[in-house]
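Each of the two complexes below includes subunit A, the first together with subunit B, the second together with subunit C.
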Partner chain A sequence: MAFPILSFIIAMPALAALIMLFLPDEAKTAVRTIAVSASIASLLGAIWVVREVLARGPATFHFEERYNLVPSLGIQYLVAVDGWGASLLLLTGIITFAGAVASTTLENRPREFYIFLLGLVSGVFGVFVAQDLFVFFLFYEIAVLPMYLLIGIWGSTGKVKSEGPFAWAMDRLDVGGKEYAAMKLTLVLLGGSALILAAMLGMYQAGGHTFDMGQLAKVSFSPRLQWWLFPALWVGFGALAGLFPFHTWSPDGHAAAPTAVSMLHAGVLMKLGAFGVLRVGMVLLPDGAQQWAFAVGTIAVINIVWGAMSAMAQKDLKYIIAYSSVSHMGVVLLGAATLTVNGWNGAMFQMFAHGIMTALFFSLVGLIYERTHDRWIPNMGGFAKVMPLTAAFFTLACLSSLGMPGTAGFVAEFLVFLGAWQSANSWWAVPGGIGALVTAVYVLRGTRDIFWGEGPPEKFAHLTDAGFAERVSLWTLGTTLVVFGVWPRLLLDLIDTATPVYLAALQAHGAGVTP
Partner chain B sequence: MRTLDLALISVFAPLIIAVLLIIVAPLRRAGRAAAALSVGGAFASVFASVALTLARLADNRVPEIFETTWLPEAGKSAATIGLQIDGISAPMLAVVSIVAFCVQVFSLEYMADENDEDYGRYFTWHSLFLFSMQALVVAPNILQLFCAWELVGLCSYLLIGFYYKKPSAARAALKAFWVTKFADLGLLIGLIVQYAAVGTFGWDAETVAKLGALGVVPVAVAALYFLAVMGKSAQFPLHVWLPDAMEGPTPVSALLHAATMVAAGVYLIVRAYPIFQAAPQVMVAMSVIGGVTAVFAAIVAIGQNDIKRVLAYSTCSQLGYMVAALGAGSLFGGYFHLGTHAFFKAMLFLSAGSVIHAVHSNDLSHMGGLSKKMKWTTLTFSVGSLALAGFPGLSGFFSKDQILESLWEGTHRDPLFWIPFLACLATVGITAYYMSRVVFLAFFGKLGEHAHHAHEGGIAMRLPLLILLVPTVIGGLFGGQFLGLLALPEVEFHLTHVTPVGVVALVLAFGGIGLGYVLNMTPAGAGLASATAPVAAFIEYGAVDRFWLGAYNLLMMALSRVFAWLDRYVVDGMLNGIGAGALTAGEWLRRFQTGRATDYVYVVMLGVVGLTIWSQFAALVGGSR
Partner chain C sequence: MNVPMLVDFQPLLPDLVLLVGALWLLILDLLMPHGRKRLMAGGAIVTLLAAAAATWLYDPIGTVWGGAYLGTGLAVFLKRLFYVGGAVAVLGARTHVNEAYARRQGEYYLTMLFSILGMSLLTGARDLILLVVAFELMSIPLYVLTAFPRDDKRATEGAVKLYLVGAASSATLLFGLSLLFGLAHDTSILAIATHVQAHPSPLALVGAAMVIGGLGFKIGIFPFHMWVPDAYEGGHTPFIVFLSALPKIAGFTVFIQLLLARNGALATMALAPLLVLSVTTLIAGNFLALRQSNVKRLLAFSGVSHVGFLMLALLTRSELGLGMLLFYGVGYVFTNMGAFLVVHAVKNGGGGDDSIASFDGLVRRNGWLAAAMLAFLLSLAGIPFMVGFWAKLFVFLAVWEAGFYGLVVFGASISVLALFYYLRVVRAMFMNPPANEAVIDVDPVTNTAIVLCLLAVVGIGLYPGPLYDAARVAAVGFIGN
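Now for the complex of A and B:
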């Protein structure tokens, strides 16, 4: 039997977490070493998988592992990987490595922190390779739930003024606090999970009592059933992808979360949602996807513009980045809604590009916050003088964010807008482009306000630039952004093997979709 | 060497240096070493691109295209990346690299006061800038051109904001980036529309034929492309970023205004000319906008007292010329002027840099009588000004003549061309006036207050000026060879060819120079000149700037606050409302959980009574049916 590489990638972080359970609290160095080693092991595994999938040829699933878990219900442990899954394994591997390295500076209970973090990572890896819907859902919940504790314990608190028609509710809920943020995030995502579960059971029932996604893809669900199931998956998964108007957990959650958690959450977890919409929603429910494409795309466009405009008005550094994630995840959903090769390639590429870019952003923001204990941009200025490397990487992240060619962000946005124009609703490309323009305004304005100008204010004159661990993290993410932006085929060749297969199956089901 | 090798050297030598300097921080921080590497890279680029151009002059039959897939689409190639070497790209490569090389050499001394770190950073961006522009020039399709186009914008942003500690520089850098980025949306959407319509990003005959058959599509595509050109090449009303871009170091302005940033826009038109030709309506609009820009910017230039701002508006105005000519169907005129202008404008800016370096001021009123202190600079600036004014024999004379001729021919086809024709003709006189004004004010007359200790720069500052002087003086003589590269059999070029339009232009040019002397060097004229200054100042920071500032404040700043408020207090508010509502409802319902047995019995009794009534009522209704 071949080496179970996928299970190896999934198990490494979990195994590390398990070992840590038996370590004493004081063994901080050991904990950090184990965590970083496990992340490296998974990353190497992911790189190997990517190479092999490219070499072994297009479009089919590789490295299948199949064990019956609950035969009476048809539940199996079934994992396998294709071009889509492999590219997201790579993303997760890179961000986990960068996040694990960046968190080595954490002093408050690192052992517990890493246990939750690595448990979450195992879940993420699992989602990207699971081919059994039940196991998919299981991994999904494993990935989502630790967030509550990670934010609730290691988070930071801000203050939000109560006003407007819902001031009474805000007073009651302590809006801005880390407990509030953790609770809101968990409740919204669990609400989404409930919808996913319902849709999943519906498919199980109508699809002949199997959770095998390969089998389910062959089932022709009635268009009427799909019309009901698709929105449940769209909203359910979409809630995690920052789908408007269920996105408001994201700014508060990301602002409250500690560095590595924001990196992983915005970098990878939000992709679980988008991946779910695409891989489960659209691929398994082709008619539903076509019936709802207009709504999905139109809301995605709202996401792009709404997120970008909201980001523009923020003065809290973390909120800017968090709202920008809402905007950029809209690009993923827009790509998905186009139902074109370019759009889907772009959506997958944007998951990667945005993942790396936002992880870079949050590691920089965390780095600044750790030194200043301040997130309020008007208090900052002239930081480039004392932290030039940070300024340089921040600018790089901004450039990817606004879609500068030469960074991964451009390739992704370009493909999505191209797909949007080729789709049934060409006009989607226009607000998409406007969103990119607005992004250019708010990210570069932020850069100027933080880094440009005559020297930092008195109290920040002592700030130091990134340390060794932080540099490793920054260079890893920054280089990835540029390398994949200059030569996108490293990833696109992989994604592009899977996309036409899924899309052909989707088009076989319904008429009226442009190729 | 093979064409491919030369092209690769020309494009990638600067890139390799830039990447090296970005990654190896100690090398960059060493300052001098970084500068030496950067200049070396530029020199390699000059060598290779000149060799390419010479090879093209010898044999210009087939364009050589090297490309490979960049973006796959369902296993096929959606977009390629590569190099297109032909009669259009080769000479531009040479112009760009020569100007960039001269600017870098000049900067060696001009920027010597910077600390090592900033010095290294400066040259790093210069190398990146040169690469970006070269990649734009050799682009075999509009997508690669767009990518390089954005990188050119990025490098401009980085260099305009080089003095990042100065708030005004920060503002100028952002303004340049935002205005051009706004316009670039046109290019982005345009090329998407083109791809969706014909399935390629190319500009070859086959693509254009397919595009031309699609009715309104080529018009939309060309109009969208032209929007981006207006941003990049500073056409009215998107020119507002260019004068502010003076916040960068002066050699940067020389690069920006001559061969890179603003040249990119005009080059796009040249490169994608077949697409524009498929949209005659856009061509006419282009010509009109070019003409308006030419005369508008020239009028504004009259009143400027900052030597760099005069040159900035003059660039704006000259770009208007090029665009007007291209719109009138003269590929040769527009492109030729782009080339000659690159040399003499770079020389003018570097000469201005030399002056600023000597007197430590941009203000014309601080200068005066510099010809006594700085002979070389006086020579180069004066010759540059004459070339700009269209003095016979100098390079600008020939290219400007071509433009006016083409506009004159345009008036026979479409009366709308009278607008750009008259505008450009008037601009000849105005240009001659404002340039002679600068020359007289800065270099002649009595010694200015800052001019006493002025002296010529060292060899690094003089050499580039002299190199650029050569093409400025004799560049026009090579118009025939240049025309040969473009392969336009229907166009003719004569060195000695007297036309009515040419004579009128010449009269206007001499009139402008004479007026410049009278108004600025005689007591009688001084009063008149100062009387017109407020008019020019009014035009400058007038409605156009205020319009864009207003749009920014309203559409970006004010509207974003509305969005953010709605997001926090309505969208999220509803979620909070649900949460708090659930809590409140829970508290209210909790009161029913009293724990007293009697309460529960009451409720059970109530239920029994209710059910009984309901069943009776239901029986009644059912019975009556």
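Now for the complex of A and C:
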């Protein structure tokens, strides 16, 4: 039997967490070493998988592993990887490594922090390679749940000033507090899970009592059933991808979360939602996808514009980045809704590009916050003079965010808007483009207000630049962003091994799909 | 007339073992010097385990008393649950009982054993007479046990409440049964079900409704649940560990016997009231739990909502549904017992008042207790890799297969709401600073009981296959008869 590389990637973080359970609280160095080593092991595994998938060329699935879990119910541990899964494994590997390294500066109960964090990472890896719907769901839940404690215990309570007619209610509810954010996030995401579960049971029953996604893809569900099941999956997974109007957990959650958790959550977990919409919703329910494509695309456009406008109005650094995530995830969903090769490739590429970019953003924000204990932008200014490296990387992330050619963000947005133009609803590209313009306004304004111009103010005059661990994290993410921007084929070839296969299956199910 | 031989009672062998063991302990208790009485707990556990072993050694399948008792796979499954669950409950209560009622502790376990004997007989009762007798055999010891701390005014008050409610509920149940008997002219449940199926009448519906209402009091269906939180709050926690878990499943055993006979004839007739009651129970249980500040009350209302889930399984009237009800029952018993045991340990060792605030910073005062409680709460909330997740999932699966799609969506959404109040306890344990840094000590016996519950919750959660298969097998062939 071949080496179970996928299980190895999934198991490394969980194994590290298990070892940490038996370490004493004081062994902080050991804990950090183990965490970083496990993340490196998983990252190397992911890189190897990507290389192999590229080398083996377009085929369906590689590295299949299959064990029966509950035979009488047809539940099996079934993992395998295709181009989509491999690209997201790589993304998760990179961000986990960067996050684990960036968190080495944490002093408050690092052992428990890493246990939860690595448990979560195992879940994320699992989702991207699970080919059994049930196991997919299990991994999904593992990825979502530790978030409550991670934010609730290690999060920070922001200083968002409540404004507007509902300020009193927001103060009463402790909006902006970490416990409020953790609870909101958990409830919204588990509400989504309830919908996913219902849709899953529907497919299980109608699809001949199997959870095997390969089998389910071959089943022709009645269009009427698909009309019911698809929105459940779309909203259920979409809630995690920041789907409007269920996105409001995201700014609160990301703002309150500790650095590594924001990196992972915005960088990887939101992709889990979008990946679920694509891989489970659209691939398994092709008729549903076509029936609902207009709604999906239109709401995605609202996401782009609404997220960008909301980000414009923020003065809290973390909220700007968090709302920009909502806007960028709209691009992913728009790409999915186009049902075109370019759109889907763009959606997958955007998942990768946005993941790296937002992780870079959040690690920078965490770095700034750790030194200033402030996230209020009007208090800042001229930081480039004291922390030049940070300023450089922040500017790089901004450029990718607004879709500057030469960064990964450009490739992704270009493909998605191209796909939108080729789709049945070409007008999607227009508000989408406007959203990208607004993005340019708020990210450039943010960069100027923080790093350039007057300053730095007296109390921030002695800030230090990134330390060693932080520099490792920044360089990793920054380099990735540029490499895939200049040489997009590296990733695109990988994604494109899977896209046409899925799209052909979708096309076989109905007319009106542009290739 | 044939003289009954012992072999004719083979289906009742486990019950006989339990009875003989209990009687033997009764005599032993009289002869034993006071200083040795703590050994009675061991005797009770040995008796229960011996009865459980009897279900494996001899096949307790067949009829006794001319069909009044019918040993089936279902009966065996439930018997094992009652015996093993009872043994864990005895273990969890042992230290407390030894300290609180040193001289009377033998009586405590004896009363408990007789209650379990009643439950055990219920598992096969196919005749109204036996059903009622077994039901009272289960219930009356519970009143006694609630009043066991006789110097405690609140416990006495709780016992009187429980007794009055219990008497009223028994009377309602009996009245309903007498109506059904009057219609069918037979005390056999099968005959009644057959008759009702052939001649549906409003009177039969009234009879069924009174049965549901009467039992509803016992198991805490909304709106008959009012006594539950008061009784739990007032009662001594080691006893609530028992009261909150096994009698509920016993109540459902009666439901299964009556409502599911002959392809669920009575349940089909009373489908509308059952449907309304299960939905209102789910809503009320969860919403009322939201604002509780006492952990025991919170768990009481959460128990009400779990009854709602069990009723969903009952509604399906299918073999799959029955099997999943059994699975849920096992999960519920061990999760709930574990949670109440932790509540007891925290109060006992930390001197709190059972409020959520008394759990503040538990992770720093006793990390192991906090971790165990986390597992139990997650299981109650239905989170993966805990038994509660599979239990909910399997019930939803059965409900979906039965065609109640809306109920699945409703049930899944309401279980998200439930997470809100379970997480309040998690937040107190992990995020709030402790009121004082004093370490909470747990005695090894109580700790063992918690470990056993945790093993069940996590073990089945990680590998649900065998229990799922066992529950499916136990349910085979029951509904059709």
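Note that the second predicted complex is superposed on the first by the 500 of 515 C-alpha atoms of A that agree within 3 Å, B and C clash if a C-alpha of one lies under 4 Å from a C-alpha of the other, contacts with A are read in each partner's own complex, and residues count from 1 in each chain.
Simple rule for what comes next: contacts are C-beta pairs under 8 Å (C-beta built on N, C-alpha and C of every residue); 3 or more make two chains touch, one makes a residue touch a chain.
Source: prediction; values computed, not measured.
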Q: Would you sort A:Leu145 into first (subunit B), second (subunit C), both or neither based on which partner it touches?
A: second
Touch check for A:Val411: first (subunit B), second (subunit C), both, or neither? first
So in the superposed three-chain picture, is A:Lys385 touching just subunit B, just subunit C, both, or none of them (first/second/both/neither)? first
Exercise. May I ask you to decide whether A:Leu23 touches subunit B, subunit C, both, or neither, giving the answer as first, second, both or neither?
Key: neither
- Quick one: classify A:Leu195 as touching subunit B (first), subunit C (second), both or neither. second
Winner on subunit A touched-residue count between subunit B and subunit C: chain B
Touching A:Val70, do we find subunit B (first), subunit C (second), both, or neither?
second
Touch check for A:Leu15: first (subunit B), second (subunit C), both, or neither?
neither
I'd like to know which partner A:Leu187 touches here: subunit B for first, subunit C for second, both or neither. both
- In the superposed arrangement, does A:Gly455 touch subunit B (first), subunit C (second), both or neither? first
Note: overlapping subunit A surface for subunit B and subunit C spans 187
Given the complex, residues on subunit B that touch subunit A span 69-75, 78, 117, 146-148, 150-151, 154, 157, 161, 164-167, 170, 174, 177-178, 181-182, 185, 188-189, 192-193, 195-196, 556-557, 559-561, 563-565, 567-577, 579-581, 583-584
Subunit A partner, complex, touching residues on subunit C are 383-385, 393, 396-397, 400-401, 405, 408-409, 412-413, 415-417, 419-420, 423, 426-427, 430-431, 464-465, 468-469, 472
Given the complex, residues on subunit A that touch subunit C span 69-73, 137-138, 141-142, 145, 148-149, 152-153, 179, 183, 186-187, 190-191, 193-195, 197-198, 201-202, 204-205
Touching subunit B in the complex, subunit A uses residues 58, 160, 163-170, 172-173, 175, 184, 187-188, 244-245, 248, 252, 306, 309-314, 341-342, 345, 382, 384-385, 388, 399, 402, 404-406, 410-411, 414-415, 417-418, 421-422, 426, 429-430, 433-434, 436-438, 440-442, 444-445, 448, 451-455, 488-489, 492-493, 496-497, 499-500
